[in-house]
Amino acid sequence: MTHKKHLLHVVDLVKRFGGLVAVSDYSLTLEQGELVGLIGPNGAGKTTVFNLLSGVLKSSSGNFFFNSQNITKFSPAQTARVGIARTFQNIRLFEDLSVLDNIKVAFHMHHGKGFLNTIFHTKKFRQTEKEITQKAMEFAELMNLTELIHEPAKKLPYGDQRRVEIARALATNPKLLLLDEPAAGMNPQETAELMRTIKEIHAKQDMTILIVEHDMRLVMNLCQRLQVLNQGQLLAQGTPEEIQNSPEVIKAYLGSPKENPHAIC
Amino acid sequence: MLSVENIDVYRGRTHVLRQVDIHVKHGEIIALIGANGAGKTTTLRTISGLLHPAKGKILYAAGKGKRQIEISSLPPEQIVSTGVSHCPEGRGVFSQLSVKENLLVGAYLRKDNKIEQDIQSIYEMFPILEERSTQAAGNLSGGEQMMLALGRSLMSRPKLLILDEPSLGLAPLVIETIFNKLKKINTEGVTILIVEQNAVMALELSHRAYVLETGRVTLFGRSADLTLNPEVQKAYLGGE
Amino acid sequence: MKKCFITIGLFFMSLPLATPCFSAEPIKIGALYSLTGGMSSIDTPSLRGAELAVKIINKNGGLLDGRMIELISVDAKTDQKAAAIGAKKLLSNGVIAGIGHSDPSFVLPSAPLFQKKGIPFVTSGATLPTLPMMIGDCLFMVPFGDDDQSFAIADYSFKSLGVKNVAIWTDNSMDFTKTLSKFYKQRMTELGAKIVLEDFFMMGDKDFSAQIARLKNVSPQPDAVFISSIPNEAGLTTKQLRENGLTLPIVSGDGFDTELIVTVPGKELANDVYFSTHTYRADPRPEVIQFIADYEKEYGVPPENAFAPLGYDAIALIADAITRAGSATPKALKESLAKTMGFKAVTGEISYTRPSRVPVKGVSIISVKKGEYNVEEIWFPTTK
Amino acid sequence: MDFGYIAQQLANGLILGSMYALVAIGFSMIYGIVRLINFAHGDIVMIGAFTTLVLMETAGLPFPLVAFFVLLTGCGMGILIERISFRPMRGAPQVTGFIASLGISIMLQNLGILTLSAQPRNFSFPSYMQRILNLGPVSFRVVDVVIILTAFFLMVALIFLVQKTKLGIAMRATAENIDVARLMGIDINKTIMATFAIGSGLAAIAGLMWGGKFGQIDPLMGYVPGLKSFVAAVIGGVGSIPGAILGAFILGLSEVLFVGLLPPIYSSYRDAFVFGVLIIILIAMPNGLLGKDIGDKA
Amino acid sequence: MESNRPRYCLGLLIMFMVVFSLGIERTANDYILAIVSFTGINIILAVSLNVTNGFAGLFSLGHPAFMAIGGYTTALLTFSMEKKPLFLPDLPQWLIPVHLPFFPALLVGGCFAALVAQIVGISVLRLKGHYLAVATMGFLIIVQVLLNNANSITRGPLGLNGLEEFTNVSWVAGWVVVTIYTCWKIKFSSLGRSMLAVKEDSMAANSLGVDLFYTRNFALTVGAFFAGVAGGLWGHLITAVTPGSFSLIMSFNIIVMVVVGGTGSITGSVTAAIIFTLAIECFRPLEENFGIYGVGEIVISLVLILILIFKPSGMFGTGEPKFVTGKYKQLSPTNGK
C-alpha cells in the first residue's frame, strides 16, 4: 500500500450533488510538515473537498487515509479526534461565547466528560479546568488575542474572528490543519500578519497545513506546493511559480482571452 | 444614471464597504471586478435595496433628463419599480416554480398587457426555455438556469440591469452565449452593471470597470486601459 | 424592575386584607372554583349560585344577629396546583368553611388541607361517593353520590324502560364518568340485564361517528345506551345518535342535566332521553321556583345547569348549620353540619345519616321528549 | 364488520378529514412562507365559529352573507395577528414565533372565556342542512355534503390561486427565497399578510362548519382543531398545500378507523396513537409525505 | 481564571436559603409558604429546562412529561403502606411491598425520568428546531394518555392522592440550591461549553470533536432528572398527582420563564421564575375583586409577546450578569501556573 508513509492520502475522491459533480477524481498526498495551497475560481469545489476531508460531507466514491487509517466514513467528531482540524469559509464561531470559551471548547474531546467530577468539583476537575484555561491562554497568545479573551466572539471584528477560529482549530491539537479562506475579508495588514502567523505555526509546531485561499499573494508567498481546482477537477499542481505561469491556470482565473493574451501575462 | 456616492456598509458588525464611489452613465456596461470577499456582491445588494448604507447615498435617474432620486433608503420592491433589475448571485431561480412562472415573477410589477409578448421574445432569445416552459426551474441545468435568471430579470423591462457573477460555475460555451446576449441587450438601450470573477471577459464586455479590493475601490477606468494594467492581474494572481 | 413587581405584588396581596370591617365581624367562607380552563363551564355557574345565596342571606340581615357572610372566591384554574394554593390562601384568610369544586380531582388536592385544620369543606358538585372516606370528617357533599344516581337510572331503565340489553359509552378521560359507568354496570348486571357493548371516548371529542357505527353493528341490538359524560359532550352525543337514525333511549346521569341536550340537537331530535339528576330541573317545589326566579333576576339568564343550584345549596347548607349551631366556629359548624337532617335544599332534601356521610338524597329521573323535560319519578336510596 | 360498516366509517373519516384540511391548509401555508408554526391558528377557528353565531342569531343575516363575513373576519384576524406580533419578530429564531403563537393562543382563549363565558353554546344551522341522506348503507346529512363540497371547492380555489394567479406565484416565490422575491419587486410584507389572511379566512370558515356540524361551540374549541391540523400538516409535509390536504384526510380517516375498527377500549389511546405516528413520521421522513426538502431552514 | 465571586454567591445563596426557609417556616402562613414552595419548584423547573433548552438549544416541550414520570414514581414509592390496598387495589404484586422514604424516592423518581429521557433522546434527538418541539409535545401527550389509562398503577384520571405532605420550604430550598449549583457547574465546565457550542453551531462543534448526540442527550437527561425531582416535590406539596396537571400549559409556563429570563442564563431563569410565580399570584386579587378571571394569563401572554418583540434574548441573554460572576481577574498564561 502506497499510502502507508503519507500523512494524508486521498484517492479518487468524488462528490455528486444530485446530477451535479462537485468534485471528481480528486487525489492528494500530503507529507508530514507540508504547507499546501488549494486554489481555484469560485464554485470549483474547494470547500467541498474540505467538507469531505473533515467528515461534514460523505463522499460519493473514493477513499482517503490519514496516517494509513481509512477515515473516509468518519464523522466530523471522529475526524477531529484522529487529528484533523479545520476552519470555515464563513466563520463559524460560537458567537455568544467569549473568545476564551471558544478556544476551550476545542479541549473538550481530550479532557473529561467526567460528569461526576464536574458536579462534585473534584480536584481532578479543578486541575483539568485550570489546565484547559492555561492552554487556551497559550493559543490565544499565539494568535495575538490575549487582549480580547473575555469579549463575546460576535463583538470582534472580522479579522480577529478569523484568528479566533484558527486558535480554536489549533487547540484541538491537530496533526493536519485545514484552513478555508483564512484571509477572506481581511485588509492587507491583517493578511500580512496572518501570513506570518501561519508561517510561525507551520515552522514552530511542524504542522501540516492545507489552505484554500483566494488571496493569491498569500498563497503564492506561503505555500510550498499548490493544487488548482476548476469545475471540480484538478487542473494543475506544482510550485507557486509553475502555477503562476501556467496558461491553463490563468485561463481559468482570468477567463479565456480571445485576443491579445500576452497583454496580461 | 446611477451614482453610488461614498457609501459605507456594515454587515452585522463587519465593515464591508468603505467609501465606495461608483458612477454609471446611460447605456454603459460597467464591470465590477475583484477577488472574493472584496465586497462586490455587497455593493450590488446595497444598490438594489437589500442592504442599506450606513453612510453615503445612492442616486438614480430612470432615463436621460429624468429627475434623480435617492434610492438608498428605499425597499427593494420600490427600487425595482424605478427600473432597476438585479439578477442575484447563484442565479436564484425559484426552483419549485416552472420556467414560465419564473418569468412571470420577473414581470411582477408590470400591469401592461405585453407580458406574454415579452415572454415570447425571451423564448426567442433562449429557445431552450420555451421547450422547458412547464418544467420546474430546479430541474434545469446550470446554464439553463442562468438563461432563465437573465430572462427573468429582463421581464421587468429594466433600464439598469445588475448582474452578479453570471458566469459562476458555467461551461465556457454557455458563458459566451450569455455574454453575447448581454452585449445585444446593451445595444437595445439597457445599462448594465456586472460583477464578474472572470475578469478578462468582464473587461472585454464592459466599457468601464471598477476594481474592488477589501471593500474599497482601488482602480477604475476604461476597461481597455485596465486590461493592460498589471495591477489587475496582481489583484487576481497575487505575486509581488 | 424586580422591586417594582414586589411592590405591586404586596399591594395587590394586601387588598383583600384591607377590606373594611363591618359592624359585626363577617363570617368568611371560601369558594374554590375553576373559573378559567376546561372546568370553567361547570364551575362558574356554581360560584354564581353561591354568590346569589350569599347576597340573599346578607340582604335578609345575615346570620347570627346580623353577621354578614363574606364569600372569598379563588380561581382554581382547572389546575391542581392552583387548587392547592387557593385552598391555602383561603385558610390563611381565616375562613370558617370552604365550598367548591365539581370534580373530585380538584377536591383531592384542596379538601385535605381543610381537613388538616379542622375546617369543614362542602363540595357542591363532586359526586365521588368515597370522597368523605378519603378525606375525613370535614368533608361534606351537597350532591348525592355517583352510586346513587347510577343505581337510580339503572333501576329506572330496567324497570320502567324495560331495558334488557344495554350499551355503555364512557368518557374515559374523567374519573366522574368512569365511576358513573362502573356503578351503572354493577347495578344493571345485578338486575340481570346484559351489557352488549362498552365503548369509550375522550373529553373534548366532537365526532362520535365511529362509536355510532359500532353501536349500529352490535348484536344483539341494545334497548338503550347509557352515556356517561359531562355536559360538553351530552348534547353532541344525543345529536349525533339521533341524526344517524338511532332512536333507542339514551340514559345518563347528571352530566346530561344541561340545556345543551335540547338546544344542540334541536327539539325534534331531543327525544327519549332519560337521566338521573338532582331533584331540581322541572321540579315544582317552591324552593326551586324561587331559586330560578332569583337567579334570572340577578344574572339575566336562567341557571346554566344543575351546578348553579348546587353552589347555592352549599352556602345555604352552611348557613343553616351555622344558625342551628348558633356559632360560627369551624368546630361547631362541622358538628352541626354532620347533624343535618332533612335540610330542604334546592336540589332536594339533605340528610347525613349514612356512615359513608354521602347524603341520603332524592334523585330525579327526568325524561326529555321532543325537547320537553318531565320528572318521571324521584328515586330514594335505601339507607345503608 | 361488514361492508356497510366500513363504508360508513370511511365516509365519516372523509368528513372529518375535510374539516381538518380546511384548518391544515392555512397552517401549512403560513409555515411555508414564514416558517412559523402558528399555534394560534386553531383559535381562529373558534373566532370564526363565534362570529357565525353572532351574525346568524343576533344580526339574523342570510347564510351566504354570514359565510362571507366570517371569511372576512378570519382574514382580518390573520392580518391583525401577523401585523402586531409576527412581523416585528421576523428574522428572529423560529422558536420565537412558535412561543409567541402559544402566547397568542392562550390570550385568545382567555379573552374568549372572559367576554363570551365558558359555557358551550348551541349552534344550529337551518333545518334543511340537518336532513339525513342515505346512499346505500352509508348515511350522512346535508351539512356533511356541504362541508365536503365547500372544503373541496375552497381547496380547488386555493390551489388555483396559488398555482395560477400572480399573488400565488408571488407567495410561492417568497416562500422559496425572500431576498430574490424582493428583487423581483414583490412586496413581501403584503404577500405574507395575504397568506395569513387567506389561511386564517379558511380557518374561520372551518369554524363555521365545525359549529354547524357539531352544533356546539365554546371558547376553548380551537385547541383540538389547531392541534390536529398541525399534525395533519406535518404528516403531509409542512409548507405543501396538497400535503396538508392529504395529511388531513389520512388523519381524519385513521382517527375514525382507529376508533372504529379496533376494540372499543383502544379509543382512549387514540391521541397517543396520533402523536406516536407523528413522531415516527418526523423521524423517518422529516419532510412529510409530500413536503420538499427545505434543508437547513427546517 | 474566573473570580471567586460565584463561590461567594453560592455561599450567600446557601446561607440565605437556610435563614430564609427557617425564618419563613416559622412566621409565614400556609398560603405564603405554598407560594414560596411553588416558586422554588418553578426555579428548579426553569433552571433545569434551561440546561436542555438554553445550553444545548434543544427546544423541548416535554418537561412536564418528565415531571409526571418523576412525580408518579415518587408518589408510588412513598405511598403509605396502610392506604395502598384501599387506594390502589389493583396494584401489581411486585409493587405492593415497595416503599421508600421521601429523599431516596425523589432520587429514584429523578433517575427514572432521566432514564426515560435517555430512551426518548435516542429517537427524537435527531430532529432539529421546532420539529423537536413538536416531537417532545407528542411525547408529552403520549405520557398523559398512558397515565390516564394505566388504571392499576396510576388510578387513571383521578390520579394518586392522599400523599404525605413531605415537601416544605426547606426541602424545596435544598433542591433549588442543588439544581442551581449543578447547572452552574455544568455551564462553566467543559461539558457546558460544548453544549453551548452545539447550540450555537453544531457543525463547528462537531468539527472540534464534540460528540453531538452525547452532548444533546446529556442535556436532555440532566433536564429530565431535575424535572423528575421537581415532579416529586410538586406531588408531595399538593398531595396529589393527576395526568391533567402535567399539561402543555405547564410546558408553556416553564418556557416563558426560560425565555423571559434569557435562554442559557441561570440567573435569568431564577429571576424569571420568581417574577412569574409571584406575578400570577399578584393578579389573583385583581381577578377576584373584579370578577375578571383569566386577566392574569392574558397579561402574562402579552408581556411575553412584548418581550419576544423588543428583547428577544430575555433579561440576561445567554450570559450571567456581572454581579454574580464578578470581574475577571486578568492573568497572562505565564503567571497562571
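Think of it as A, B, C, D and E in the order they're written, each chain with its own count starting at 1.
Rule of thumb we're sticking to: a residue touches a chain if its C-beta (ideal position, glycine included) is under 8 Å from a C-beta of that chain, and two chains touch if they have at least 3 such contacts.
Given the structure is predicted, the values throughout are model-derived calculations rather than measurements.
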| item | value |
| --- | --- |
| Between C-D and B-D, the pair with more C-beta contacts | C-D |
| Distance between the centres, which are taken as Cα means, of chain E and chain A, whole angstrom | 41 |
| CA centroid of chain C to CA centroid of chain E, Å | 35 |
| Intercentroid distance (Cα basis), chain D paired with chain A, Å | 49 |
| Chain centre separation (chain D, chain E; CA means) in Å | 33 |
| Sites on chain A at which at least two other chains make contact | none |
| Touching two or more other chains - residue numbers and ranges from chain E | 148-149, 249, 293-294, 297 |
| Residues of chain B whose C-beta touches two or more other chains | none |
| Complete list of chain pairs which touch one another | A-B, A-E, B-D, C-D, C-E, D-E |
| Chain A partner contacts - residues on chain B that touch it in the complex | 12-16, 35-37, 142, 165, 167-169, 172, 197-202, 204, 214, 227-228, 233-234, 236-240 |
| Touching residues on chain E, where the partner in the complex is chain C | 29-35, 38, 87, 148-149, 156-159, 161-162, 234, 237-242, 244-245, 249, 271, 274-275, 278-279, 281-289, 293-294, 297 |
| Chain E - residues contacting chain A, complex | 1, 181-182, 185-186, 189-191, 193-194, 196-197, 200-201, 203-212, 214, 218, 264, 317-319, 328, 331-333, 336-337 |
| Chain D residues within the chain E interface of the complex | 37, 85, 88-89, 92-96, 98-100, 102-104, 106-107, 110-111, 113-114, 230, 234, 268-269, 271-272, 275-276, 278-279, 282-283, 286, 298 |
| Contact set on chain D toward chain B in their complex | 166, 169-170, 172-173, 176-177, 179-188, 292 |
